[in-house]
Amino acid sequence: MSLSLGELAVRFGCELRGDPDARVQSVAALETAGPGTVTFLANPRLRSALGGTQATAVVLDARSAAQCPVAALIHANPHATFARMAAVLHPLPPATVGVHASAVVATDAVIDPTAAVGPLTVIGPRCRIGARAVVGPGCTLGADVDMGADSRLVARVAIEQGVRLGARVLVHPGVVLGSDGFGLAREGERWLKVPQIGGVLIGDDVEIGANTTVDRGAIGDTVIEEGVKLDNLIQVAHNARIGAHTAIAACTGIAGSTDIGRRCMIGGGVGFAGHIRICDDVIITGMTMVTRSITEPGMYSSGLPVAPSRIWRRTIATLRRMTREPGQDDDDE
Amino acid sequence: MSLSLGELAVRFGCELRGDPDARVQSVAALETAGPGTVTFLANPRLRSALGGTQATAVVLDARSAAQCPVAALIHANPHATFARMAAVLHPLPPATVGVHASAVVATDAVIDPTAAVGPLTVIGPRCRIGARAVVGPGCTLGADVDMGADSRLVARVAIEQGVRLGARVLVHPGVVLGSDGFGLAREGERWLKVPQIGGVLIGDDVEIGANTTVDRGAIGDTVIEEGVKLDNLIQVAHNARIGAHTAIAACTGIAGSTDIGRRCMIGGGVGFAGHIRICDDVIITGMTMVTRSITEPGMYSSGLPVAPSRIWRRTIATLRRMTREPGQDDDDE
Amino acid sequence: MSLSLGELAVRFGCELRGDPDARVQSVAALETAGPGTVTFLANPRLRSALGGTQATAVVLDARSAAQCPVAALIHANPHATFARMAAVLHPLPPATVGVHASAVVATDAVIDPTAAVGPLTVIGPRCRIGARAVVGPGCTLGADVDMGADSRLVARVAIEQGVRLGARVLVHPGVVLGSDGFGLAREGERWLKVPQIGGVLIGDDVEIGANTTVDRGAIGDTVIEEGVKLDNLIQVAHNARIGAHTAIAACTGIAGSTDIGRRCMIGGGVGFAGHIRICDDVIITGMTMVTRSITEPGMYSSGLPVAPSRIWRRTIATLRRMTREPGQDDDDE
């Protein structure tokens, strides 16, 4: 794929300062870009890196354009514009339409003729695979899974019965959707399993990272609304709800029935207690322990930041001294 | 499936207040229940929600029964009784007995004639699959895996050589049992792998959540005793032992040789150091950092709870001031 | 496999005190060893356990040898020597060379004739599988994956297009290599996916634990250098770099573009912020929140250690009091 800067400017609504006939074949990072590439500058604080770039063109905003030593593609949102250009210059290899001979597909599954089902994949009874959807190799879909148009299971995804995915959902390898929630009733010293009869509902344009798990509802659905982006190794427990356009970084855990608002940004390794409610537009920094509901938009944190161990030990000792009751001895904690 | 309230009362040992001929087809949540459903009330603090229920019947205890506007199924343990009813009203679809034509089964594996082996599953040499056991699609079992009666691997489970599962063990997708423990010996700047020759022993009635990993012992077994319930994305390292009827929520990590007692309840995201011992009947709240053995039953915690970031920064600054040595400058930490 | 102590001493460079014709068949732990086994003592503080051992021989250092009641194999590094003996006494079962009939292999993939490709595995176009490499059952390899000599994918590993593995790389079940990084550009309230066009480069002698995920670079590679050892359920984000011979315990998360030095030892459940740099020879204890770069070798920590919940609550209350502004009320946090 090769495009001229003139084509890029027209297609992505940029103002071009430079030769419209110059051509680019790929995208690159600002510092390591070579000829034939287009790169971008989104953070004005990195503007000093512009000077040395070897890129053919840089996508940037009007304020940074004056310092650009090569062709400038000016746009108010350089990062998003760059993302669109990258998708055009680096398209996914086309999937092979049709069902691979080694796939095991239930006779009453409905596979759109434009969909692709890869090798060694299992599609259960009554599944519906939408137009242009791609089910990669090694996936297992239980009964009654509904997969919207243009959705893609990259490889080795497990989806249990009755899970519904919207359009343009992208699911990375190792993901499990619709596993049983952790529902237990105590009886004497034993735990009795509470059957998990709810489902999972995944909205349009959701992306789910590798080895993330989303449990089905106990009763009623676990819901991931449109545009949500989940990173790798995240746990979404039964009956959680994640509001539209919220992004959550890796290793975060969301306990049962917790409801996270729209447009939230959640760092990595965050833990949410169950049955709490986070309002819209909340930002939570990494490894925060969210023990209660949050009702005001804003930024939230917790945790001790890293320190040399000898200083950390002193901090802990100080805290212990401060909270010890008179007469309490060390063994108590 | 449809059952009369009279049948439910007899079968599950409830006292019925209401029409024994009324019938229910499914279970539901108290707030959203409609006609033809049975629901439950376990937490007396939610008793006010009883008034508006549209359920046909509610399982509850004697103290709450007076306020129940519909049929009451009275039992001292409403949650467990509800769980049993749900299992009857919402049975799992029956697995197809026999070995699917696409499965790859070693000739010397012993599959009980009442067991089910799903499509695209691999069963290694000398495996023994017990009566009525179900191995779902996409699983891989190494050599000498022993799977007890009525156990079930839902889908895409990987079990390495020699792992032994008891009866009625339920394993969700993405689980790995018997992977090598993290055993390393240092030699100069390099790490030398220490062969992991132990096994994994899983007791009866254990449930293991999606994408959880249980490593084999270095020497000797990693042991998960009967009735243990593990949620998703949990790590159990080599030679750990988890005592009977302990329940552990998602994203918790248990380091090597740590020994957790019976009937413990461990929250999500908890981390256990290696080579420690937690006694029976310990409750640990979510995200706690368990750095030492615990010898007394009770509830344990750690971690800073979430706060607005500006307040959190002040807390951290205060702690730093308190633990700074005289003359120490900021750069030191 | 059975070896005489004389053979062991010669082969592994030990001084032998004892009968060179005595034979051992397996390795064992010091406390539970029986006749016919060899065990080891690495930690001098455990020397008192020597007295009761039933092992045929013990690998230990010269200082401990005097207290050894059975045959002593004396070596300056007992743990590493024991690891080598265990590898000889407990060899992996040989893989079946060749491609299993049920595997789906692209016609232009290049599989070394000494390599083994297991059942129900998918090998994509133009993959190169090196000499004596083993691809276990249920793996999926995308296009252009390069796997070095003697590397092994145990089972059910997913590798996406273009990932390169060195020699002697060992990858455990459930691992995902080369999944898309979490690259998003904001556009109004929506997130736009930034195509992830970089790769993953894994050096020689790397080991990767079960269900760990390594994302491909956004642009340029995510790099895991030679000799790195990763435990289970670890997240390595796009463009991270992990220096040679660093070992990282389970459940740790490394955010994007973070650069970890050589010979570091990272505990379990540690979280690294993105775009930071950790120098060589850093030790970080479990569950530490690494929010900034570390420029000096040494040991680092954070987090509150476990305490009885009533004491923990008092600690938190004390901290709140200390950081409350005059006139601020409780609701603020």
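Read from first to last, the chains carry the letters A, B and C; within each, the first residue is number 1.
Here, contacts are C-beta pairs under 8 Å (C-beta built on N, C-alpha and C of every residue); 3 or more make two chains touch, one makes a residue touch a chain.
Values in this document were obtained by computation on a predicted structure and should not be read as measured data.
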For chain A placed onto chain C, the superposition rotation in degrees, Cα atoms, nearest 5: 120
Classification of the chain A:chain B interface as same or different, half of numbers criterion: different
CA centroid of chain A to CA centroid of chain B, Å: 25
Contacts with 2+ other chains: residues of chain C: 102, 120, 138, 156, 174, 211, 233, 251, 303-305, 307-308, 319
Contact footprint of chain A on chain B as seen in their complex: 26-29, 32, 42, 77, 79-80, 82-84, 86-87, 90, 93, 100, 102, 118-120, 136-138, 154-156, 170, 172-174, 205, 207, 209-211, 227, 229, 231-233, 244-245, 247, 249-251, 262-263, 268-269, 286-287, 303-309, 312-313, 316, 319-320, 322-323, 332-333
Touching residues on chain C, where the partner in the complex is chain A: 102, 104, 120-122, 138-140, 142-143, 156, 158, 160-161, 174, 176, 179-180, 182-187, 189-195, 197, 211, 213, 215, 218-220, 233, 235, 237, 251, 253, 255, 271, 273, 284-285, 288-292, 294, 298-305, 307-308, 311, 314-315, 318-319
